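Going in written order, the chains are labelled A, B, C and D, and every chain counts its residues from 1.
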Amino acid sequence: MKSVIGKNITLALYGESHGAAIGIVMDGLPAGIKIDTDFIQSQLDKRKPKGKISTQRREADDFVITSGVFNGFSTGTPIHIMIENKTQKSSDYQPNLPRPGHADYAAHIKYNGFEDWRGGGHFSGRLTAPVVAAGAIALNILKNKGITVGTHIKKCQHLTDRDFENYAEDIALCNSKYFATLDETAGQNMQQHIENIGADCDSVGGVLETCVLGMPAGVGEPYFNSVESVLSHYLFSIGGVKGVEFGKGFEFADCLGSQANDPFEMQNGKVVTKTNNNGGINGGISNGMPLIFRVAVKPTPSVFKEQDTIDLTSMQNAKLSLKGRHDPAIFHRARVVADSMTALALLDLLVQRYGERWLLE
Amino acid sequence: MKSVIGKNITLALYGESHGAAIGIVMDGLPAGIKIDTDFIQSQLDKRKPKGKISTQRREADDFVITSGVFNGFSTGTPIHIMIENKTQKSSDYQPNLPRPGHADYAAHIKYNGFEDWRGGGHFSGRLTAPVVAAGAIALNILKNKGITVGTHIKKCQHLTDRDFENYAEDIALCNSKYFATLDETAGQNMQQHIENIGADCDSVGGVLETCVLGMPAGVGEPYFNSVESVLSHYLFSIGGVKGVEFGKGFEFADCLGSQANDPFEMQNGKVVTKTNNNGGINGGISNGMPLIFRVAVKPTPSVFKEQDTIDLTSMQNAKLSLKGRHDPAIFHRARVVADSMTALALLDLLVQRYGERWLLE
Amino acid sequence: MKSVIGKNITLALYGESHGAAIGIVMDGLPAGIKIDTDFIQSQLDKRKPKGKISTQRREADDFVITSGVFNGFSTGTPIHIMIENKTQKSSDYQPNLPRPGHADYAAHIKYNGFEDWRGGGHFSGRLTAPVVAAGAIALNILKNKGITVGTHIKKCQHLTDRDFENYAEDIALCNSKYFATLDETAGQNMQQHIENIGADCDSVGGVLETCVLGMPAGVGEPYFNSVESVLSHYLFSIGGVKGVEFGKGFEFADCLGSQANDPFEMQNGKVVTKTNNNGGINGGISNGMPLIFRVAVKPTPSVFKEQDTIDLTSMQNAKLSLKGRHDPAIFHRARVVADSMTALALLDLLVQRYGERWLLE
Amino acid sequence: MKSVIGKNITLALYGESHGAAIGIVMDGLPAGIKIDTDFIQSQLDKRKPKGKISTQRREADDFVITSGVFNGFSTGTPIHIMIENKTQKSSDYQPNLPRPGHADYAAHIKYNGFEDWRGGGHFSGRLTAPVVAAGAIALNILKNKGITVGTHIKKCQHLTDRDFENYAEDIALCNSKYFATLDETAGQNMQQHIENIGADCDSVGGVLETCVLGMPAGVGEPYFNSVESVLSHYLFSIGGVKGVEFGKGFEFADCLGSQANDPFEMQNGKVVTKTNNNGGINGGISNGMPLIFRVAVKPTPSVFKEQDTIDLTSMQNAKLSLKGRHDPAIFHRARVVADSMTALALLDLLVQRYGERWLLE
């Protein structure tokens, strides 16, 4: 089960950056789900590189669904989504010089030299495109159940976005944008900052913050399938993610229990918590409040500045000057991947709790 | 697969805080592993509450192994470890008043009132005792393969421990202590701080930092079974853990790529990285450097200060004043749970890569 | 996942014939299922050896439930059922002389001499006792949903029982008996036959036939999780089972398609098939007709006649004369194990289709 | 995990008979396995319909590998094999008239009318083509480890083939033929018989017998992952398979233990059994003898004779006269699917025991 995930909704991911095609097999959806191909394409568009803040490799990312959808609805059998690669340029890569911060060296040891090194091979960020396509299906299903997901760019170095305030509106706001900040000026500043850093042959990291609204209480399992365990498993599957925290997260270490606990109260006949420091999860189980979590995305390891590395042929120290097309930042593109992974993880937990038929109710 | 985890080394965990017994079934070990019951007991002792910084519930935690071990060695068939509960005091708990920050309310919704509410039931921290017992077996196996694991208390509010310096020595140092700081004075200060907070009817959170030394390069899988994905899945299974970060983690958001990348170099004929910002993992695969990661542990939700809650019977607002025996901090006891979860997660990944026979080589 | 099975309802089985205890952890049941301990005991009683047709080892098989049940109802968290071993007599076994037809030799190679050889160790038929206990819970749940399961002894050498006729009555009839034939005389003859064979220091095999009534149409999955695939997986987990066939089974090889197909017709507004050659399963999916299948159980390999074997110490040919307590036939005791495995397999498939909440509706 | 199977070597199968393409994602192979595309094609050719004993739908079955293979060797990441459908003729099918013996009705209930009914959709035997392609890779890996697999047509109504005699030669003989009987005359007679039955608008079933030579002792797991459990799970995934038996199988019910047991003896310094009634498996574990098992394949349900069915639109009784292209027998084509499923199941068990690196040793 190396490249397979999910108990109820399973995903099998395949492909390489410069191979013929990348794709995903999504299984476990009930029959009768309307498949909105326009929404899938619009989500893929959010992942696409644009402007000067992204790589100049510009793939069309036209997807085909070769099975599992009939007359516009899911058939209940596996859905296969495929995207052909079209603009490979493998000559930019040197297999003997592993790029610092990339999977190159670890993959070389793991696969004993048989890895497809072209463009990072299976480790390329391109593999997130099929995940976004499958995620779009999941997001739509959740939306039909009243559960919405939105992610904004919380931070890029010293530049920060405002916090979520009105959840429903802010989620809609994130999802309407390509560069997803809640504060427009913050977004403009960040984009200018990324552009400057790219011009300086460098790259930069950031923090994404996700909100899930409408999540019912009682989802998730104690211990090994806590909401945090399952969500983090999916989120850390995104290349470049190096941290995940829920609610107050690492800030809890600065808190007293009396500050950290979220007292319950009745509000319009409904149980809510007065604060949401726990990010909507208690004991691994959703408590009915919005889920709030953040992921740290490291700077793209592909920088054009000269770097120290080793030569895998001679096993000597060497210098590396990257060529090719690379992103000065990926967190703004990773945003929609985070939404997708979130939706896929939660969908699996929801089906575990309510059964697949619930998705159609 | 709710309370089951692992692909090659599987764990099935059961029990409630005030039930007859708690335990774990550990399957997948090859035959012929020496089982060191003294080491298991010594690890359980590290988890036990001690002094004024822990709960006054003092269980003996005597474990029995009822299967899978014969003449002191693993038989290759499932190992069942059981610990009887002996000092339950259920009268301290009020099932109708969910404790803020605890699983009580979420569990009540999830299990529709059928949950065993006594002492937190299945959600109790007591369930980590069998995990520690299984983890002790895993830690010993790793040690025989030259892989050592150590966790220290990095932070508790404003008080911080020093960083790992000499990995091998520092790991040994952590593992020799009950309150695991590398700096003795920092540890004394933290313990005094916890005691003071406990005296004030409150509790406090902290950050743990783990180092794994001797991890070979090439372990882990791309995407859905990255080292980060698998480790975080296990770590977030520990009650109270609300954040996990690898290497620089959330600090990556403050970095440029040129600062964040870890350049390769040859050192005594071996490939190393000059820095270890990525915490020993590139592209989800171990790169041969020490694994470094941190977990955020929230303050124990059980505080003696009066708190707002609701009454599940009347569905009205209510006040809660906890009685019973509770910890003013749990991170120092969670330390050995983090070691255990780490060992269990890595053992699974190592067996996936090298096969179970490798454990005996 | 060696001794673990199930996607939604998972079982982790442990124990050895002469170890301290055997048991099972059953996870995945929703909260609020009434647990009928009398029924569990009555099912265990059906598995117990009785009279001269069974081994003289007579275990009480008193079970304890140490977790997952509270006030008589499932809590929704793992149920642990344990049975202590009390009448071990290991001196009857010679670890160096593998018994023909038993797991002894294969286990010796597999576990490299570390296996618990006493009484067959983990491979003992005793391990089916916890399966029967878990199966009893499953059978009760199915019954509440209108699904009943019954198994009769179809054949023992030349002696045969009559076929199922009135399903509902015949299922009740099987389940009311210890030696489960539909025809009472056939049963008497078989029991006498087994007794004679036992007196002759030999053993004998048989065929069991199971009927599941009330199974809704649409359960099971195409290909890898067909009803046949899943049921056979569970049924072949029973020691001694060497064949499984559905509907006409191997007789299909004698048939033309025009004879084998089951034509559909409307009957009282309901779709039925005129015949049921396919045993209630088409394309791996239940079609609403009764499930019918048979399992072949080989003769108990433990016969008192002298047998050829090898000596694992000297690696020379040797003679083996068994001592101890053995069954001249096990199929009549395996009957309730077949019922249990059937219920556990179907419960998993039903939860996959309808969700766990359906079990409570 | 509906259309996904395997613990170490996973398969995700997708596609419909009349959809754009069918395919499989195979994951878990180590890097460095030579992929022999000629052998894959030759195996697909054995599955293809030929002559008058098969359907007249003649697909080229040209496969493409879009990922996981680089410079002729496995990369260690998922292999995606795809086959386009080219000769669909959906007008031959009537969605409102379910074909007796087929999945049509059960699928209609399961998928609530959203199923792709064209040509049987996902339930079509066409889906076995990608399984054969993946199986070819597995068969080649096993062969390199000295393990060979062969299946012959044991029986078709009154016509029978001879038993396996010289295993190695007979396996080679099966594998050299399209219609795989060991006795050439038996094969000619069977083909003539199938042709006659086809001319009579009917179809016929048969029994396949498989031998696996070179299987090491000690593979498989007790109880839930016995060799029988795992093999039967895969074999019952083949459409039309309704029975699986190992060694003497159902004949065991006619045997005494003294006849059924396989006595051990030393032969040229090696442990063997004098007979092989258990088909190479004791206690669920391979014992080093050849694996022998049989599967019953029912007659193709698509017969041209008029049949009774119901009309799903009017919910009235109806008559069905099939049009289109159908096989009068499928067992001769299913033979290579049985080989493939066998190889895939055993490969998974072998990797579980020896680790993936063993495949390359």
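Just so it is clear, a contact is a pair of C-beta atoms (placed from the backbone, for glycine too) under 8 Å apart; a residue touches a chain by one contact, two chains touch by 3 or more.
Only a predicted model underlies this, so the values are computations on that prediction, with no experimental measurement involved.
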Requested in this report: Name, by label, each chain that touches both members of the pair subunit C and subunit D.
Outcome: A, B
Query - Of A-B and A-C, pair with higher C-beta contact tally - result: A-B
Query raised in the report: When the centre of a chain is set as the mean of its C-alpha atoms, what distance in Å lies between subunit A and subunit C?
Result: 45
Query raised in the report: In angstrom, rounded to a whole number, how far apart do the mean CA points of subunit A and subunit D lie?
Result: 39
Query raised in the report: Roughly how many whole angstrom separate the Cα centroids of subunit A and subunit B?
Result: 26
Report task. Scan subunit B for residues touching two or more other chains and write them down. Result -> 1-4, 7, 13, 77, 110, 122, 222, 352-353
Report task. Report the residues of subunit B in contact with subunit A in the complex, numbered from low to high. Result -> 1-5, 7, 11, 13, 98, 100-107, 109-110, 122-123, 127, 155-158, 197, 202-207, 217-226, 228-230, 232-234, 236-237, 239, 241-266, 269, 271, 273-274, 278-279, 281-288, 294, 296-303, 305, 307-310, 315-317, 352-353
Report summary line: Contacts from subunit D onto subunit B in the complex sit at residues 7-8, 77, 222, 351-358
Report task. Provide the residue numbers of subunit C that touch subunit B in the complex, in ascending order. Result -> 1-4, 6-7, 10, 12-16, 19-23, 25, 27-28, 31-32, 64, 66-68, 70, 73-80, 82, 110-116, 121-122
